[in-house]
Structure formats: C-alpha cells, structure tokens
Amino acid sequence: MTVAAKTPVKTPAKAQVKTSAKTASSKPSKTQLDDLVLANKILFHFNVVDAFGHISVRDDRDPQNQYLMARHLPPGMVTAKDIVTFDMDSNPLTHTDMPQMSERFIHGEIFKMRPDVISVVHCHARPLIPFGTAKGAKLRPMTHMCGFLGCGVPIYEIRDAGGMTDMLVRTALLGKALAETLGDKAVVLMRGHGATMVGKSIQETVFRAVYSMDNAVVQMQAHALAAGGEVEFLSLEESEKSLGGRNVPRSWSLWKHQMTAGR
Amino acid sequence: MTVAAKTPVKTPAKAQVKTSAKTASSKPSKTQLDDLVLANKILFHFNVVDAFGHISVRDDRDPQNQYLMARHLPPGMVTAKDIVTFDMDSNPLTHTDMPQMSERFIHGEIFKMRPDVISVVHCHARPLIPFGTAKGAKLRPMTHMCGFLGCGVPIYEIRDAGGMTDMLVRTALLGKALAETLGDKAVVLMRGHGATMVGKSIQETVFRAVYSMDNAVVQMQAHALAAGGEVEFLSLEESEKSLGGRNVPRSWSLWKHQMTAGR
Amino acid sequence: MTVAAKTPVKTPAKAQVKTSAKTASSKPSKTQLDDLVLANKILFHFNVVDAFGHISVRDDRDPQNQYLMARHLPPGMVTAKDIVTFDMDSNPLTHTDMPQMSERFIHGEIFKMRPDVISVVHCHARPLIPFGTAKGAKLRPMTHMCGFLGCGVPIYEIRDAGGMTDMLVRTALLGKALAETLGDKAVVLMRGHGATMVGKSIQETVFRAVYSMDNAVVQMQAHALAAGGEVEFLSLEESEKSLGGRNVPRSWSLWKHQMTAGR
Amino acid sequence: MTVAAKTPVKTPAKAQVKTSAKTASSKPSKTQLDDLVLANKILFHFNVVDAFGHISVRDDRDPQNQYLMARHLPPGMVTAKDIVTFDMDSNPLTHTDMPQMSERFIHGEIFKMRPDVISVVHCHARPLIPFGTAKGAKLRPMTHMCGFLGCGVPIYEIRDAGGMTDMLVRTALLGKALAETLGDKAVVLMRGHGATMVGKSIQETVFRAVYSMDNAVVQMQAHALAAGGEVEFLSLEESEKSLGGRNVPRSWSLWKHQMTAGR
C-alpha cells in the first residue's frame, strides 16, 4: 500500500529560480493564507502543537519551487502577515529580516522528495511521543478514521543521520534523512521529539495530525485493557478502503466553525 | 434480562407508504425538532461525537414508518432546519437534494427490527473503542448509572457481514446485520469503528451514550488498578433494578440548562 | 487515629420536635444558604458531582435536629430558594410539595451517628469508583493534602445491609448501615456507586471531596508507574500532622473567587 | 553535567542588612512585578499550581540579599500589590502585618545555596507526585523540551531531615536540606508533597515547571506502553545540547498572549 506515488521525484528547484524570483514580488493567494492561518489555530486548539510546531503548504503561485509557512512564532499567534514564502532549500524569500523556524528543512526536504505532498505538519503532540520511545511499540490504525496509518508508521532516529544532537532538524541533511525515513508514508514519528505528517492538502494534513494523536490515545488504552493480549487493528485492506470518503471536509467544516464561533 | 420486548417485529414499512407521503408534507413537531437539535449539541459537548456521529428519533407523525435525523453535517452544527424525514428504508423524504449520512441504515434497520426503540445514537466515542478491539474485553456496568449495560454488550464485527470494507454501515444489509447483533440489548460496540445505542426516547438514548462512555473510562481504570485481579460489577439483578428512577430526566434537565446557559 | 470524637452519640431528634416546628417558620441564615449554594457550584465545577450528588449542612438554627440540603435538582442548578430544611429522619420541613433526593437518608443518618460532623457530601466522583470496585484496592494518602485519608477509607457494600437493590440509599436502614461503615472516618467509598465525605464545615467537606478525587487519580498513576512495586504513602503520623493548617480556607477562597469571577 | 555553577557559595546575607533595609523603602521594578504576577497566572492556568504553590525571584534591587514572592494567597489571585520583599532568611521586609507562605524557606535557602538561581517554583503538580512516591521510578527526559531533566532529578525525603512532620518545609533547616538534595540540579521531587524547580529567570523556571509536568505525563504513558520493556530517553549529551535555544522565550510569548487575551 502506498499513500504517495510510487516513484518520488526530486523537484528541480534550481532550474526554476526565475519563477521564484518573479512570484516573490506578488502575494500568496488569500485562500492559502486564510487556510494556513486557520490550520495553525486548529492545531493549537486541539493541542497538536503548543508554542512549538508548524504547518506548511506548497505555494499555489509556484508549487514546485516554493512553500508557505509562518515565521518563528507560536502557531496560536500566527496571522496572515506572518506567512513567509520559502524556496525548496528553505531559504526565506520574504520576511528575510526576521527569525525563521530552525526546523523549516523538514518541510523543504519533504516537498523535494514527495511531489504528491502539498502540506506538511511538524508537531510535538504528546500522545505520539510514547510510540516513538517505547521499544517495540507501533502506531497502528484503531478505527477507519485513521486508515492513513495502515501503511505503516516509521520512526526517525536522528542519531543515525546526525549522531548526538539537540534533536532538532536544523539542516537540509537532517531534513533529507527524515524525508527518506518517511518514504511514501503519511506519518513519521521522531524519537524523543515528535512527529511529522503529510497530505495532499492543508485540510488532509491537519486531519491526519489531529487523528494520529487521537489514535495514539485510544491505542494506548486498548493495549492497557488487553493487558498484553491482542488488539485487533484495521487490516491493510480496511485501511486502504477507508482512506477516501468525506472525513476531511466534514472535520474541516466543523473546525472552521469552531474557530470562528469561538465554540 | 431483556431491555427490549421479547419478540422484535419488523414494521411493515411498505404497507404504509400512503401515510408517509401524507406526513411528509407537514412539519415535524416543534418538540421533536427542539429535542433532536439539543441532543446533537449535548452529544457534541460531551465528546460522544466529534465531526462524526448522529442521532435519530421515530417521527411522531408516523412513528412506524418514518424517522427524523440531521442531514450530512457535524452534530455540533445542526439546527432545526437541517432535520430530514426518512422512511424506514432510510430514503430521505425531505432535503432530497442534499447529501445524507451514508450510515443512516444503522437507524432505519434498527427501527425496523426493534419496535420498542424510539431513538438511536451512532458515535465514535473514544473510550468505547478499546472495548471493541482489545480481545476478551467486555464492557460491564461499574455503577447504577449504567444498569443498561448489565444485560450484555455485543460486539459487531463488520467482516462477518461484509468482509473487508471501509468499516461503514453503508447498506441496508450491513445495517440489518448490526441490528441483529444488537438484538434486544441497549448498546452494541462496533469493532474498529465505534458504537450504537438505543432507547425509548431521545433523552434515554443520549443518557446511555454519555454514560456508556463514562463507564468505559472508569472500567479501564478499575482493571488497571486491579492489575489483573477481579473487579466487582453490578450483578444482573442490581442492573435491572437500577434501570428505573429519575436519572434520565435529571441529567437531561442539567444538560439542557448547560447548553442554554453556555455553562 | 480518629477524625471524629471517640463516642458517637445519637441525637435525640424526637425529643426536640417542638424546636424543629418552630424554626421551620424562620429562614436559614444567609451565610449558610450562600455557602451551600457556592458548595454546590464548586462540586459541579470540579466534576465531583454531575447531575447527581448532594451536600448538606447542619442547620445553624437547630443543629442537633435539622439539616439543610437542596431539593431534587442537579447541583449545578441549585439556588438559595431550592434549599430545604430536613429533620434528622430526613423528612422535609419545607418544600414539602416538591420531590426530594431519594438518598437524603445518607445525610440524616450520618448526622445522627456523628455529632462532630457538620456537613456531608455524597457523590459519584469517577476516579473514586475504581477504588470501591477493584478487589484489594485501598485509597491511601499520596500527599499532605489528603491526610484525612490516613485513618483509613472503608468500603460500603450495600448487599450486606440490603441484598440486591438498585444501589441507592433509599431508607433510614440503609443510611444507618452506611453511617456505621463510615464509623469515625472522613470518607466512605460505596461499591458500584460512589462515595460519601464528612467534615466539620461545608468548606472542609468540599475540600475533602475534591481532594479525595484528586488523590485517587494520582494514586492510580503511582500504582501503574510502580508496576506492581511499592508506593510510599503518608505514614499515619504524617497524615495526622498534616490535618491542620490553612489548606481548607485557602482552597475555599480560591474556589469562591473562581465561581464568582467565572474563572 | 551541571546545570548550576560548580561551587555553590553561600550568600553573606547578614553582612548586607543595611542594603536590605535601604531597598525595602523603594519599590520592586515594574518588570519584575509584572513578570511575577504573570508567572503566577501561567502556573495556575496550566495546573502546575492550584490553591497551593508559589514562585519567587531574586529582587533586582539587591539580588544577593532579597527575593520577591507573593504573600499567603492562591497563585491565581495574586496581583502586584501582593508581592512581598523577603530577606534571604525568608523574613518579610514588607507586608509584615499579613500572613506569609509557611514554606518560604524553600526559596530563601535555595537562593543562599545556589548563586546561579534567579527564580524558584514550588508546586504540587499532580503528574509529578507518582515519580516521588513509586519506588524505583525516575523522572527522565522524554524529549528535547526537557533536557533540563537529563542531569538527574533527586527526590527529597523529608523524614531524613525532619522525621515525621506535616510534610511542609516550615523551617530554614528543612529548606536547607531541600536545597542540599537539589544540589546543582534543575528539579527536585518531594516525596508525598510535590516538587521544586529552579532557573536563571522567571521565564526559565516557569518553563521548567510546565514541562516537568508534561514530561511526567508522557513518561508514564511510555512506561505503560512499553509494558515493562525499555523506553529510550534523551542521552546525557542530547540533554545538554538541547538546553539552549529559543524554547523559553517562545513559550513565554505564547503564554503571555494567552493570559492577556483570555485565550
């Protein structure tokens, strides 16, 4: 089962510098800005992120060479004017006089490796931490909301690529190693750190972030209840079949409603 | 112990098409609309439902042949104008130009099989998921609030009726299989999916949904505390005796107060 | 260690009927009404009670023969005009045309048996349920906030006094059995039902209710973390020594502030 | 690894009484007052403290001889006018007619022993209690947010210094024993009581308090998921390397935003 296309192709970022230069003078689309700001609010509301974590999206103006992501700010404080345009080497093309997220390479390197990915979330969602640190634990789909976990959830060990670090994906090299560990999957756990999710839209990636966390909580309870016994997960076929449907737009419509109405 | 009548009788839905046609031109009673909208809000407030899940009630105008349920919308966003009239085959008689819940067959097929049931809730309440997936786990009544669990809580394995699916009860056939698994009980767990509760009123069904979830949380804690040792549940007789009383109206009065006052 | 006086004395309720009759025509003190209403709000805010549970206090006008408690209402909805005066046999002296709590005998019978007790809380606080149902579990003081648990926490098995029931303390007989199980302690757990706490003031009893629940949560975590190994509780001497101090008024001042300010 | 300077030096508090006397007539800086009040609100908001717990800071006007801390009040109720100036023997130099925190010696004695420490939090944060009471449990860094735990987290057993007490650090002697147990570390757990955190600023100490609690929750889950198996913590080198960075100011900016906007 592959969530992504079979053969990831590295986007020829260098070859399109001209386009980048051009679009940097225009503004991102209002839709993308609004959705990205809303996504930041939703991720904060559901404790997927706290002061840390970020979400990016390929820039509609030049999706192969640029992505959008907030400058160095807690997600809960992000507004449209804080959205920076980055090239795929994660250099800021706007807001160049302001501090940027040190882990932006997570986004750029995944976009390079995964042409099918439109949006990336990086977070420290608490319930996912145990699955990256307890030896032998595996995050697996408990319900049809989490079919995207059915293809497997790899764990990124930063020591393999970087030895003893401060755990942060601070370089293109470390970002590339993370993208390679992610492979064609939807979610990669990061040992002693957090997780990264990808999807075909801001909405899908936010959905996967929220429901990965949700799945982790329920799975921990199921293992405890089973007391060492078996837990029945979705089969691979069930996972694949449950990937479609109206789950993402329905969730997004509710979350948008909640964020707007203050719930 | 039976929660339902001994002999479920299939309602002759076809035979009453005329009545259906007639009543579809009138409006559902204001009481039913108000209660159903409030029920949606309560279920959302207590995290019984999130963007998913639904509640139905037999239509007072023609309870044998029609039921009411919201159109395809997150429960937290439902208003009176979103309430659709369905026939017992789960065809919409109103709002026919709008998308409907794909799992409405849960409701129609249970109403057909269980003349004693007036209202049905379907949800993905998180704490119930482990009881449907951890092998050998059984949801049992921890306190007198949950006597309705005392008669047993069957688990619906969709693979038995549908093989490998997307887990959704998308057809009358799957809905009928669920109704059969439910039998004369109050709650049926759905492996890798959620749960469905029934009751003699909107109020009772909402109560059972909230307290099933509540019971699950406490029961998981009790098993963990017992560390493999015994947990003392309500006996069958205690369960039966605690079914009456003023629990349902008292809870409903509080919840109505909370939803109105914003708590 | 005794929380109560050594020799419980049955209050001669019958002998003072005249006084009762007299005071029923006056009004409870504003202080007691205000504190009791506030206590209801606090217990609801901290999920000690939901739609169920109640708190009583000996009536200042005739503390040996009367107590005050809300009529049959969810605690979160109680106002001063809902406070009923009861005699010690739990007959209402006011609001006689309205439904009363069926478990009011918990309060009357404890007041009869425990002259040192001024206020009683009955609740279904969730984290306490496992300690009354998991065989061998014992609620014990994790910190100095819960020294009142150090003298022991008995468990009331209603089957001993009433056989198979609906679990409710609906009669003076069952209330008396509960009071006897409580003995001179501060808290009694009720199997398959909830718990009852007593104290020398409304404030102290509310404090004990909130912190019993709190202790239960932490103790369950400690046992899980110890994984079958030992947990170090407060010693009897530490429990006794930590009973005094300013804990109760400090908590009450905060809670009053929160309830008033809406937090 | 040392969080503090290698050789703690006892501040010669007595020798500077004149300075103390002088500064007591001026007012603390507005910055320190504002930050300290905000810190109280943040600690309350995140349930690090409830009605109990306190935070102090060395007084900018005379950091070697004085510290600032609220008078005897629940943290959630503290305003600028409640901030008391103390000497290092924990005598109040202002608000002398009002009750003071009985455990203020925690702060004074740590300031004496640790010249590198600018701010101290004492709390009863619930998730930390199990780590101080379950035999053999050790709080260790789950992620790079908690590198400050990597140097070790000692446990203070008050029985060693005070025998059977009411668990409170009511004297300079007990405070000194706590400071000695803390040593050069960032956090000390207190058996049957709570924890104390130190840092180089109000912001850092609040950060450590919030994330110690957070780490405890995740670590308990990881041990449960590992079911007795191994959990991979940050290595000592990873802990040390992750100590720097922008974590503290970023968190503080969010928390300040939340407290101001009411979130």
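Chains: A, B, C and D, in written order; residue numbering restarts at 1 for each.
Just so we're on the same page, a contact is a pair of C-beta atoms (placed from the backbone, for glycine too) under 8 Å apart; a residue touches a chain by one contact, two chains touch by 3 or more.
Remember, predicted model here, so these are calculated numbers, not experimental data.
Novice: How many hops, at fewest, get you from subunit A to subunit C via touching chains?
Specialist: The distance in steps between these two chains is 2.
Novice: From the C-alpha centre of subunit B to that of subunit C, how far is it in Å?
Specialist: Computed value for the inter-centroid distance: 35 Å.
Novice: Just give me the whole-number Å value for how far the CA centre of subunit B lies from that of subunit D.
Specialist: So the centroids are 49 Å from each other.
Novice: Quick check on subunit D: which residues sit in contact with 2+ other chains?
Specialist: In subunit D, 223-224 touch at least two other chains.
Novice: Chain touch graph shape: choose line, ring, star, complete or other and state it.
Specialist: Looks like a ring, each chain touching just two neighbours.
Novice: Kindly provide every pair of chains that touch.
Specialist: Touching chain pairs, listed by label, are A-B, A-D, B-C, C-D.
Novice: Show which residues of subunit C lie in contact with subunit B when the two form their complex.
Specialist: 50-52, 72, 74, 76-77, 99, 102, 124, 126-127, 129-131, 133-137, 164-168, 191-194, 220, 223-224, 228
Novice: Okay, in this complex, where on subunit A does subunit B touch?
Specialist: 141-145, 147, 214, 217-218, 221-227, 229-235, 237-238, 241-242, 244-247, 250-251, 253-255, 257-258
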